[in-house]
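Paired with chain B in one complex and with chain C in the other, chain A is shared by the two complexes that follow.
Now for the complex of A and B:
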């Protein structure tokens, strides 16, 4: 393998992925009142405008709250499911696992349409809780996969050892299982948070004026006006995600979370 | 000596689907006794041990600890110490926290817990490692910590599931000796599962040889070796020459003497054949003789002044008739 060629390939791929983002970042700092690249001059006016505009800030707050709630909901449902599936020993375990992972392979628009009809039918149409349910459904697979991978990689006789040492099942879970699968929960939570924060299709159909998320607000905005405010709010979006990733990287080591192998 | 720790098992049965992993086991272990459950993989020894610990529910039978029936008692209330093959340490806790876990679960904390943790770490010679994490320890050290963790609550019975088999040969030998001395010193009842006959021989007061879910023989190591109760035990423990294809008659290699062709003493039986191999193993020499009814192996003291018979030479492999073990086919 030629290291010169492979390095060139990496640079090319990196450029391909990052270049559009760099354009957005540049446009966010433009002094012009229209989108153009390269910008004719630099200013912070669009950033200042967006940060002061409740039409963006409220959806941003909605998105952050929704993402946190979706990740929590996914954890509450997927962690017990992952433990049961990994321990196995019951009929249909493989089918249930596939079912819980199925939102990954279902077209998002179909899923949101189904949710729209279903939630309206059970009286939750237009309710914030409906939006939350939708986001929990699409984030469960991420949480399930990382927790399953972590739990399948740890030595489960530690749980049995704890039991013989006098720990009831609840204390085994709190003192042994939970700490062992924590890397998986954190990684799954990060994925779930980002998936929810980014999610468009369900938010578009299930949110209201009051509960609109940031992607919905951005889409609404560019439907009517095409100005650098979109780039500015996108920059804030990118910055938040980057900060979250860096915090996880320095706090826990992203590599370890992604590989979900835990400490053995 | 520890007056507690009498274990009585009667009619234990555990089925997995159609096969019985444990198929009617009776076993009585006296306080302070060290019993090894020895058998090939799949013989049910680990299932039986897990049944005693309460980690596997038995389908039938009775297990009593010091006269108290353990039926329906969950593992966390049995108060038995258990050591696992994989060590099963808590990776997120320090050595001291691992050892102290059982105390914490029993509501013992503070100075008393600290003193008992320190004392138990001393016992397994791990006193300098209290603040380490399991990942920073070698396999042997991890198993010592696991042993300390199981002993710290002073359980009446210690259950050990192949605790040494993940260690390398040299360490395994040293740990075996240490474990034996520790068990004697504490006077704790120990039930030790292994597939390694040397380990069982070197550790146990009595060995229970298991096969297909049943105990074939339970006796002190010497009896198991010299008077195996079944053909299975005879062939599983130590080396054995079969005198016929079915294994009705057998004799140990060290009881076979190589004599010149045509020679034989009174009270002896023998077979003639040609020497196919002579393997020098330190203080002993192993001579393989190809006879009519199959190959016979003789194990003799290696003597510098008496060279072993040359390969290809005709000899007679002899044994005393009284040394032949016979079993109904």
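Now for the complex of A and C:
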């Protein structure tokens, strides 16, 4: 393929990829009281409006808290499991790994619907903890995969050396294993945070007015009114995620994380 | 050895128990609810016969599969060349191409759908362009076409990443060897790259098809009653009609269709491998 053709192709594909995002950014700065493109004039009125509007700011806070708690929960459950699975040597390790990754391959709507029934049955319907449970279920696979990849990639002879020298398992974990897998935990945690922050299906069915997350609030707003406030809050959402993405890229190298998806 | 095994068990147990309780358990309960073991239900296959006996649901199922097929074809057509260019690029260009394709992945699907509403809306980008060119305006916001394009945009990163992951794993020496043996670029592509990247393309198609079947935000927000798909119907049964048993049944039918696609693709992959 010659480079002129590929350059032209990238421009076309790039336009397709960026167009719907750029129009949102443009409409966020419109001076009009309705959605139109191109905007007739520019202003910060819609950004100021949503930043002062608890109907958006409270869901934003909810989303940040939920994402942090979900990532922590996923880390507490998935990191120990990843260590055991990477060391292997026990029966059913491969099956357990597949099972722990399986929430990835189920449509989120099906999981969300099942959890709705289940939480109602055990008396947790409409409770904030139900939302947290749902998000931990969907973030465990991301955490597990990242930590597994990191731990499988490091030289574990230092652990054996420490053990031979008489260190207790806890000391080996804290002083040898943990420093080695820390990049994996941080990357997996940030990944889990973003997945939770971005999640819609579970949040939509399991949240209430009080616990609605940002995507749910935006979705509800679009359903009732089609105005530039959606663009303004979307811009804030995009800005927050961009910061996190840049942290991932500069901290850990995005291509390593993304392109290792298909491989084990 | 035994203590090692016990320690491994203890490390794995919390995650396994959590998912058994809050992932597997709810799914099994969902099956139970669809069979009438829920509040106010009568046990049996009543919900399934209701679904199979109504031509409306067959039409919705056909629409769902048709939309997923169209979106898969679109993402493959756009994504394959992109993945090829991505894997051949080096240095900064590669990072930028990768950022370009994964950036939308991190923009919420609700926001991206809203973006397409601004593109296709009556006072939107598309109509502004058409006006500028002196062409008649279009009103396609609530059409299958608009929904398919928006979904292709949402799912494109999965296709590109699946194909790129396979292409990355290929030895560049393969292409060089073919070139040394006198193959022109088209023959190199046709006989070396394409067969070897087929695995990634199949993985990508499978992933996009399955994700598309389960997507409901985009068809919910952009569509209307004429563009009904199974996932939106499930959501409506839960929130509007509050018919949990029927929602569970529709959800399981959706899941069965997704699993059937996985099975077909696995068979196809095996045949290709043979």
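One rule holds for everything that comes next: the second predicted complex is superposed on the first by the 244 of 264 C-alpha atoms of A that agree within 3 Å, B and C clash if a C-alpha of one lies under 4 Å from a C-alpha of the other, contacts with A are read in each partner's own complex, and residues count from 1 in each chain.
Simple rule for what comes next: a contact is a pair of C-beta atoms (placed from the backbone, for glycine too) under 8 Å apart; a residue touches a chain by one contact, two chains touch by 3 or more.
Please read all numbers here as calculations on a predicted model, not as lab measurements.
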| item | value |
| --- | --- |
| Combined model on chain A: chain C and chain B, fit or clash | fit |
| Which of chain B and chain C A:168 touches, first, second, both or neither | first |
| Partner chain(s) touched by A:8 [first = chain B, second = chain C, both, neither] | neither |
| Touching partner for A:154 - first (chain B), second (chain C), both, neither | first |
| Chain A: partner with more touched residues, chain B or chain C | C |
| Touching partner for A:237 - first (chain B), second (chain C), both, neither | second |
| Partner chain in contact with A:17 - chain B first, chain C second, else both or neither | second |
| Touched partner set for A:35, first chain B, second chain C, both or neither | second |
| Superposed arrangement, angle subtended at the Cα centre of chain A by chain B and chain C, nearest 10 degrees | 100 |
| First (chain B), second (chain C), both or neither touched by A:179 | first |
| Closest Cα approach, chain C to chain B, once both complexes are overlaid on chain A (Å) | 6 |
| Residues of chain A that lie at the interface with chain B and also at the interface with chain C | 262-263 |
| In the complex with chain A, residue positions of chain C that touch it | 4-5, 7-12, 14-16, 18-19, 22-23, 25-27, 29-30, 33, 38, 78, 81-82, 84-85, 88, 94-95, 97-104, 106-119, 121, 123-125, 128, 150, 153, 156, 161-162, 164-166, 168-169, 185, 189, 200, 203, 210-211, 213-214, 216-217, 221, 231, 234-235, 238-239, 244, 247-248, 251-252, 254-255, 258, 262 |
| In the complex with chain B, residue positions of chain A that touch it | 154-155, 157-158, 160-168, 171, 175-176, 179-180, 182, 262-264 |
| Residues of chain B defined as touching chain A within the complex | 53-55, 74-82, 84-92, 101-102, 105-106, 135, 146, 149-150, 153, 159 |
| Contact footprint of chain C on chain A as seen in their complex | 1, 6, 9-10, 13-14, 16-21, 23-24, 27, 34-38, 76-78, 80-81, 83-85, 87, 89-90, 93, 96, 99-100, 102-103, 105-111, 113-118, 121, 133-134, 136-137, 140, 144, 169, 194, 198, 200-201, 204-205, 214-215, 218-219, 222-223, 226, 230-231, 234, 237-238, 241-242, 244-245, 249, 254-255, 258-263 |
